[in-house]
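Which chain is which? They are A, B, C and D, in the order written, and residues in each are numbered from 1.
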Amino acid sequence: MATMIQAIRMALHVGESRLGVTEIFGEDVGPPLGGVFTGTQGLETTWNTPLDERGIVGMAIGLALAGRRPVAEIQFCDYAFNTIDLLKIAGNTYWASGGDWNVPMVLMTPVGAGIRGSIYHSHSFDATATRLPGWKIVMPSNPRDAYGLLLSAITDPNPVMFLKPKALLRLKGKPGEEIPGAPADDRQLASMIDAPPADKRAGWKPTWPALEDLFIPIGQARIARPGTRVSVLTYGRSVPMCIAAADELAAEGIDVEVVDLRSLHPYDWDAITESVRKTNRVVCVNEDTEITNFGEHLIRRLVEELFYELHAPPRLVAGGHLPGIGLADNLEMASVPHKEGIKAVIAEVARHEP
Amino acid sequence: MNAAANAAAATPRAEATTGLPAELSRRIYDLMLQSRLLEERLITMYKQGDGFFWIGGPGEEAFSVPLGLLVDKGHGPDHDYLHLHYRSSGTLLAMGADPVDSLRQMKNTATDPYSKGRNFVGHFSVRKWNVVPVTSPIEVQFSIAIGTARAQRAGSGAKGITIVQGGDAGTAEGDFATALVWSSRKGNELPLLLIVMNNRYGISTPYAGQHGCDQIAERGKAFGMPTAIVDGNDPVASYHAIQQALDYVRTERKPYLLEAMVSRLRGHSSASGANLVRGELDCVERFEHKLEEHALMTRAEMDQLREQYTQHLLDASQQVLREPQPEPGAVWDYIFADEDQVGGRS
Amino acid sequence: MATMIQAIRMALHVGESRLGVTEIFGEDVGPPLGGVFTGTQGLETTWNTPLDERGIVGMAIGLALAGRRPVAEIQFCDYAFNTIDLLKIAGNTYWASGGDWNVPMVLMTPVGAGIRGSIYHSHSFDATATRLPGWKIVMPSNPRDAYGLLLSAITDPNPVMFLKPKALLRLKGKPGEEIPGAPADDRQLASMIDAPPADKRAGWKPTWPALEDLFIPIGQARIARPGTRVSVLTYGRSVPMCIAAADELAAEGIDVEVVDLRSLHPYDWDAITESVRKTNRVVCVNEDTEITNFGEHLIRRLVEELFYELHAPPRLVAGGHLPGIGLADNLEMASVPHKEGIKAVIAEVARHEP
Amino acid sequence: MNAAANAAAATPRAEATTGLPAELSRRIYDLMLQSRLLEERLITMYKQGDGFFWIGGPGEEAFSVPLGLLVDKGHGPDHDYLHLHYRSSGTLLAMGADPVDSLRQMKNTATDPYSKGRNFVGHFSVRKWNVVPVTSPIEVQFSIAIGTARAQRAGSGAKGITIVQGGDAGTAEGDFATALVWSSRKGNELPLLLIVMNNRYGISTPYAGQHGCDQIAERGKAFGMPTAIVDGNDPVASYHAIQQALDYVRTERKPYLLEAMVSRLRGHSSASGANLVRGELDCVERFEHKLEEHALMTRAEMDQLREQYTQHLLDASQQVLREPQPEPGAVWDYIFADEDQVGGRS
């Protein structure tokens, strides 16, 4: 089964070969490297930019204004914080011009902890991204969603941010997470689309499988694990953790529903409220720092609209309000949510007596 | 134009002396005057409380009008993309914009075609002419312009080029360097004309003491791009300088840095009073003398023109005051190009 | 009585004359203008920077590292969004260096709507600021607090952000909002410290009153209006609106407590919980956009810790999730909270039957 | 040093030929070797799983060691501030840093004096020597360095200057332009030495095709600052170039841009394998030949030194593995300089 990074590569291939993507660029995105996570290997329209994130975002906006379909990458979201003003412009150009100019661009960037990336390869971007009106924000938790969300992002007439959960990029899909048209056999797929080692790469060309369309609508959540006792609202890297926590809690007789938002903006309010109305208990889980966190928006709106249907105080499991994520195991583990902690909070909420 | 057209037919003598065909000289004057009178009307509206803020181009007409006449106007990469600043009314008028639309933006009416009453005056947006939205943040247009220029780079087949314009103080922002770096990459050059309108001020801060180079144009040299400095108060010199720069960028598909020395006749904006500033050269006055001198137009013709446009703008402003303001609910329009689907409201 | 902008000017004078402030800089901060809001007129250590916000923030960090005490200004917070990475560095340097280097700097910037500033002179910064771990964030709602908070900010060994509510800068203090040592008479004070018109300004020097110290501790809220029925948690420009709404509601027999946080980070959790425990009802009010908003953090923490003491769903009154604030009256009014809307929500919460 | 000290006394002949006093040549070699062996030990630790990530300076020793020897080391504005990058181990060792501390940062131990196990190796911070924390974001040090330099500007009375160092690709960031603009303001110049370590790569991206100038040094000229390019693989040439640049900045209190052409012997970082790269000149090897050639050291002496340091680093790395890791609760330390008062936890 394909990994998420292979799924992204295949989606970009579909994008440039039949969905109108005109260029895919960023630092080390083109040959010879094809991306620090191999996400852009073997593609036709990739190129390497100067080391200048402001230029990368500006370039994408300009190309979009000129009617092209750019897909830009910021190598790590940790390095996008000097471009927030430009991201705001991408998000407000259509509005500020009264509908005169739209900005159809995709910005991809790896986010989150989990690879011992220390202070500058561990940032989350979801809270910041949800503060950018005019942007659509998606974040997959598995290869199939990555493929389907990226195809939707590529064809969207608005700026769409595609957040790549760093820690999941190399994980293979599970049953049900197939990429339509991609060979099921890992080794076969790898031999077709993974670039050989640097020294043997010259002249290499990938053999793309006959990939089929899969458009996962932006704004549509997915019930990653159905359950009845507690609703867990999460996305990206936290999804598999929450599912694992839920599976363990099942043994303790606690039946947890895990809602994978997939789209952070617009988010699937119907799916969220349907789940919470059913379980009457909610836990929001994400990795970003806890103060002024997107999960707090969901909780605020839930208490505003569903106050009396909540049988336990809603809870947020998020990253600590820390200046950074430290390198040492202990430090990273103490800074972002992990299965055990998530499990404990879900259990508390599930067992809470009104 | 009509009034100007009535003027005596061009004489080769005049051409020789102004350096431009007589008809063109009159056309340029006519547009400079319209642009100046538009700004004066906008300032009056501000002072009468018919607008919250004024910023604009009095003092840049001699450059901005020729620029507007020389651009390849149209939509898409085969025409020129314009990333202008908030003093570019002369360029827009020369391209054929209706001055009344600026009055609408000044009064933030629902009929304002540039921003629907959302943005300050001078913040143009005309997609059909490749005029991308003018943004308030200084210099970001230089980071964005490299994108439209890349869509037109050598080999793309596109015939148009990209023109980006900003002030002198703004070149201190990293975005100016971004445009220099990205447009001059060896083998990946971009057809980009970078224009710096140097009025020697950033709000209250003089140029002197803020820059290491005497002229901003010097900064282009390290990147191997041709540079030029022009008297932006002289429409003839500006016309030729712009034409030369455009020719280079169009044919070479490489960047060119043009610096225009201009005046700031009404100070920075309404925030500093928008009153006449003493000691700044007035390009309209100067050109009027020249036209008279070379018998291209008479004082009477010019006075008549001035009167005619002044009256027209006065009437137009009264008309604009009667136009509707945006509805409160309009804030939710144009958030997304597909549907106005807003988180928290989906 | 002094206006807030006069209070800020006087605090900066105290700062440079006896609290060790070594330089005060930013765009148009020095002579001849002395700040676009006159906040730095007549001071000794002001200077004008190049038009480069990244340079301004970097300059402040560097000066602080070199043991100076800089006060930097970003002319409008709308133009600080290309410096978030540097702001993060100011906030993480002490932590990242394991306590080796601290960064004692003050960053001032005008925030918020209320002056028909259109898209780029109306931004709020509180949600973004509270997402900068390692920073202390203060925002006054009146001249006295502005004076006292700025003196505390200046003497703090950490980076402190001083958010200036644009719409309140020219408002005079009310009784009880005196600046210790400043003359009570407006005209007298103006004649002493307000610069004459530009053309008469050459050679002018202010006559500073004998100002006294006033250190309002960072992290301490203020009960702006005591009440019993509903707690309104707010700050900055929204404070006077909330007080006005509360005064009108008093006539309807609704006794509202307005808590002026003053410090957004660290915030005064004791004062907040004490008020909410008393009223059992809470409304958070601020101008920033509503998705991933600091008020949502307060609500999330309140429901986590005080769920059963809440007799009505907590509410947030904030700015719409819009790409910008439009220029026209109707547009600005429809984009940020105003007295009538605040009043309606407070009344609803007050009248809510559990 | 001892071993080197045992070597034959300096001979004028040698001095004449290496261009530096014999003793100094041996000192520089000794430090270059220590720095190289330190990096090799760090790479070995990485490959053995005793560290999550490696990045460092193999290929920059011939420049970074002389730099460390020439800085005015101390605390406060009367000494030099250093804003280094993640390849500056040679400079730190030359200043007197204990190599073991780098092993500690590699293994992210609680005893790591630079970041307490929080940051990647090569991210130095030594307040007592004015070494400000090395940051991972490329080029931001150029925007921050102008601040320490301003604290030392002409008239401030401060004797020290500020030195800022980064790579070639990073100069595309606006921060590099910020340092050029702010340090060269006429009448407000800053005592800033800007150093660009040009290894002709940014990770996988070659210099060619990314820049409009053949040499980064060209970018200083528009700002009226002296510039120089030096063979950063030659410690003698580097020593003289750095000395000349430092003298200028110290006496003139104005900026100077120095570009050093260096090698990247182990590729970008552990992310690209950290293996030896073919075709890159090795400055340590080259200097060894020179020392031998000029009879300043014998091969045997050099081999003995190499063996001695290798053994010392091996022992040290084993020692470091036994040192404690940070406690989980340590994440809450050093958030605020006064008290660790955290919102949501006050």
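Note that a contact is a pair of C-beta atoms (placed from the backbone, for glycine too) under 8 Å apart; a residue touches a chain by one contact, two chains touch by 3 or more.
Everything numeric here is computed off the predicted structure, so don't read it as measured data.
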{"item": "From chain A, the most remote chain by mean C-alpha position", "value": "B"}
{"item": "Pair exhibiting more inter-chain C-beta contacts, C-D or B-C", "value": "C-D"}
{"item": "Whole-Å separation of chain centres (CA-atom averages), chain C against chain D", "value": "41"}
{"item": "Chain A-chain C separation of Cα centroids, rounded to whole Å", "value": "34"}
{"item": "Between chain B and chain D, centroid-to-centroid distance (C-alpha), Å", "value": "47"}
{"item": "Per-residue multi-chain contacts in chain C, two or more chains", "value": "50, 52, 54-55, 79, 82, 85-86, 94-96, 119, 130, 133-134, 265, 290-291, 297, 321-324"}
{"item": "Per-residue multi-chain contacts in chain B, two or more chains", "value": "115-116, 118-119, 135, 137, 172-175, 178, 181-182, 185, 209-211, 335, 342-344"}
{"item": "Of all residues in chain D, those that touch chain A in their complex", "value": "52-53, 108-110, 115-120, 135-139, 169-170, 172-174, 202-205, 209-211, 271-272, 325-332, 335, 342-345"}
{"item": "Contacting residues of chain C [partner chain D, same complex]", "value": "23, 49-50, 52, 54-55, 57-68, 70, 85-86, 89, 93-102, 104, 130, 133-134, 136, 156-158, 219, 264-269, 297, 301"}
{"item": "Contact set on chain B toward chain A in their complex", "value": "76-77, 81, 112-116, 118-119, 123, 125-127, 132-133, 135, 137, 140, 142-152, 162, 174-175, 178, 181-182, 185, 333-338, 341-344, 346"}
{"item": "Of all residues in chain A, those that touch chain C in their complex", "value": "54, 79, 81-86, 88, 91-92, 94-96, 119, 127-128, 130-131, 133-134, 265, 289-297, 299-300, 303-305, 307, 312-316, 321-324"}
{"item": "Residues of chain A touching chain D in the complex", "value": "27-28, 32-33, 36, 48, 50-55, 78-79, 82, 116-121, 198, 290-291, 320-324, 326-331, 333-335"}
